[in-house]
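The letters A, B and C name the chains in turn, as written, and every chain counts its residues from 1.
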Amino acid sequence: MNRKFTWFNATSLTLGFTFLYLPMIILVIFSFNESKLVTVWAGFSTKWYGELLQNDAFLNAAWVTLKVAVLSSTLATILGTLAAYVMVRAGRFRGRTLFSGMIYAPLVMPEVITGLAMLLLFIAIGLDRGVTTIVLAHTTFTMCYVSVVVSSRLVTFDQSLEEAALDLGCTPFDAFKSVTLPIIAPAVISGWLLAFTLSLDDLVIASFAAGPSSTTLPMKIFSSVRLGVSPEINALSTLMISIVTVGVITASLISKRSIAKQRADEQAAVRT
Amino acid sequence: MNFRRLFLILTPYTWLLVFFLIPFAIVFKIALSDYAISIPPYTPQLDLSAGWEGVKSFFSDLDFENFTFLASDALYYSAYLSSLKIAAIATLITLLVGYPVAYGMAQSSDEWRPTLMMLVILPFWTSFLIRVYAWIGILSNEGFLNQALMGIGLIDSPLTILNTNVAVYVGIVYTYLPFMVLPIYSALEKLDGSLIEAAEDLGCSRAQAFWLVTIPLSKPGIIAGCFLVFIPALGEFVIPSLLGGSSTLMIGKVLFEEFFSNRDWPVASAVAVVLLLILIIPIILFQRNEQKQREAGL
Amino acid sequence: MAQPANRPVFAPWNDPNEKPLIQFKNVTKKFGEFTAIDDMTLNIYRKEFFALLGPSGCGKTTLMRMLAGFETPTKGTILLDGVDIAPIPPNKRATNMMFQSYALFPHLSVWENIAFGLKRSDMPKEKIPARVEEMLKLVRLEKFAKRKPHQISGGQRQRVALARSLAKAPKLLLLDEPLGALDKKLRQDTQFELMDIQEKTGTTFVIVTHDQEEAMTVASRVAVMDHGKMIQVDTPDRIYETPNSVYVADFIGDVNIVEGTATPKGDGKVAIAWAEGQPEISASIAEGVAPGTKVHFAIRPEKVAISSDRPEGKANVIEGTVHDIAYLGNISTYKVEVAGGRMIKAQVANDRRIARRDISWDDKVWLSFTDTAGVVLLN
């Protein structure tokens, strides 16, 4: 690109990012509002955070959500990594087209349809709805995201590394465990994080898959938001936004530093 | 060796068959069934104990009644049309908002780009629901937007934005903006700057060079971005139910209500099947665009 | 390879009592419709430095991957020490491979890379460090043991890969284009180092390369391959001096090829008519040839002498005009146009500082060579 950063560019970036961030900034500011009215400022207060921590319904829902997210993202990472390995390495086998179709379809499927289909399956096989069914549903739709992330790493993976491991006496499983896995680990971890966030976020599929006894945090937020805005939700949102922001910024700083370190190492190697 | 390979393939394969393909088969089957006041609320049930006769009567009881019903009831008909319209218009607005942002990112200096990139991706990691919720406080009658507009004296009485289609457009553009910006940015970033210089050298003005070189070469990114917004927007549920009003008809919302409020599973399933059929066309077009990109990249 | 005079010449392939380490018996390998290896029979002996030479796609890499166990023959058998290796998986074979990309594990240090195979062998744990140190010393990398592969230079990486594949003391070491990633100067140094290490460890080396100079430098025998077939298997000097086909003559080094019709003259001599009104080329031939056979006469440029006066007492003298001169420092190559527009190259060593400046473009010159300087090729 020949970079002539013009006034037009500066304006569109400013407007664009204001549009993206202003709503969230307002949301965060008004979580510290004294008044119950979310739109009128009445002085600084942290009382809504206190009330949030007293609210058992929210805390229970948060606990269920966390449990579901950890379980389903872990399962999804295992299955998604296997699926990616099969897609990239297993070569041709019968039903491969169907397999790749089943991996990509959930990525573009509207959540209402996936949720409906899942629920109808659980009813057909007589599975009681609860945490288990949410985990199963979340595992299924998030494993596809994991497999996309992992397979894009596997495609660029030098296959002779695995052959070298075999040549030096590894069994195929040992080669995967001690060579392939450590090298693709960053992709597997970001796959897990993606699955975790998707599960944490999901409202629609969870609404279908959850039974009357189990409510996830997004479901709880949705039902209370339908009744109108509330400062408690603002407080909760602020907490969630800060966790994500800290997480993403930390992750990007770590990766930035490791890239810088690798560059420095390589330069040191050239000098010797 | 072969046993291991079989195990490797079968584990994810079986999972997807059981939890993805079979559920869709069930959706199709129920879409062909009849509504009944029972648990589960549809007939026929596959009665294997009745043997072959059971299977035969099961299949003979399936029909396309629900689809005829969808076609005859204006509610569904107009819900599909209005979903398509809302998704298409929202996609167009997202493109108009997103392209200048992506272009600005591509024009900015090397040290700024990773930060800008992160700023675009960050909202994606924050809860979708929260991002939609944030707009309720802004768009409501007493909301910040009306306060601001009345404050500067532009309007005298508050505008009704929340619970209208306008709010739905705002919600879609806001939540899906990163999906539009990222593919366009990655197309623009790859663009060779000397092409613009060549165009200017050959007599183009800056605007002409942008129109004749930059836009055509970022077309794959534009197409990918449009599909990435259009496809999920079509089946969207959260945005119309939180920001839209009672007059906002979107098929995702209709399906949800048909299922949970009316408990009419066969009609809900039929709605899902038709939505899938509508979606197949843009999905195939999207895949083709991606494939072309990959081939061109090789 | 130059051998010290007091040692017997290393040539197990000429000894009928010697048992080959590797035997290919009518091996064919197909990938779908494509035949990568076509009915190949070949013996490789202990302590040999065997080079597989050919253009890309000739099947040399497939041959090597069959030895390592990454491919299985479609037909035929491969014996290692008299045992069919087809059912043995790569991790159980007494062969090791040095990969073209080196395939060093990026997440492990140099030390751990070398120890990787040893940890998976039956070597007692306490003996591993000593063996790794020995290997590091062999490739002169003691100081770099703790570094990661991306922290060392390309040449050092190449030596780590070599040390890692030699650590388990394999019966057979396979080297896939081992020097392909190095620049020319480093490559030449490394070639001698490789020969040195091969001699020190006494391991049988099979090397795959597309660089004929490299094959000639390092190998005890060179196999020239094309389209899945062995064209010629012989020592480097014999491959160069007595190629068995136009393909080999052309592939190895620079060569002039003249087409003509042969007439046997008896006494191992043959006359080749190559152009109207020109004296026939006189050459020697080992086998009998029927009169009127179409043959190719191949002669290396350095065996063709060039002079501005007609030389006396040479078996073959051809007149021509200088078309082009390439000055390469140590040698000069003259491209001379002879009868019928054919070009013949003559190469002259520049052993004097102002030598042969008398020959210039468009000069009339005389090319000459003896009757044993070239080879007559029937195919």
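By our rule, a contact is a pair of C-beta atoms (placed from the backbone, for glycine too) under 8 Å apart; a residue touches a chain by one contact, two chains touch by 3 or more.
The chain lineup, named per UniProt: A, B = ABC transporter permease subunit.
Since we're looking at a predicted model, the values are computed, not measured.
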Target chain C, source chain B, minimum contact steps: 2
Most distant chain from chain C, judged by the mean position of its C-alpha atoms: B
Separation of mean Cα positions, chain C and chain B [Å, integer]: 61
Whole-Å separation of chain centres (CA-atom averages), chain A against chain C: 55
Whole-Å gap between the CA centroids of chain A and chain B: 18
In chain B, residues with contacts to at least two other chains: 1
Chain C: positions in contact with at least two other chains: 89
Chain B-facing residues of chain A, complex: 1-6, 8-10, 12-13, 16-17, 19-21, 23-24, 26-27, 30, 37-40, 79-80, 82-83, 85-86, 90, 93, 95, 98-99, 102-106, 108, 110-113, 116-118, 120-121, 123-124, 136-137, 139-140, 143, 147, 172-173, 197, 200-201, 203-204, 207-208, 218, 221-222, 225-226, 229, 233, 237, 240-241, 244-245, 247-249, 252, 256
Residues on chain C engaged by chain A in the complex (per definition of touch): 68-70, 89-93, 95-97, 99-101, 103, 105-107, 116-117, 120-121, 147-148, 150-153, 164-165, 168
Residue numbers on chain A that touch chain C, as the complex places them: 158, 160-161, 163-171, 174, 179, 182-183, 262, 265-266, 268-270, 272
Touching residues (chain side chain B, partner chain A) in the complex: 1, 4-5, 8-9, 11-13, 15-24, 26-27, 30, 40, 97-98, 100-101, 103-109, 114, 116, 118-123, 125-131, 133-138, 140, 142-144, 147, 174, 177-178, 181, 188-189, 191-194, 196-197, 231-232, 234-238, 241-242, 252, 255-256, 259-260, 265, 268-269, 272, 275-276, 279, 283, 286-287
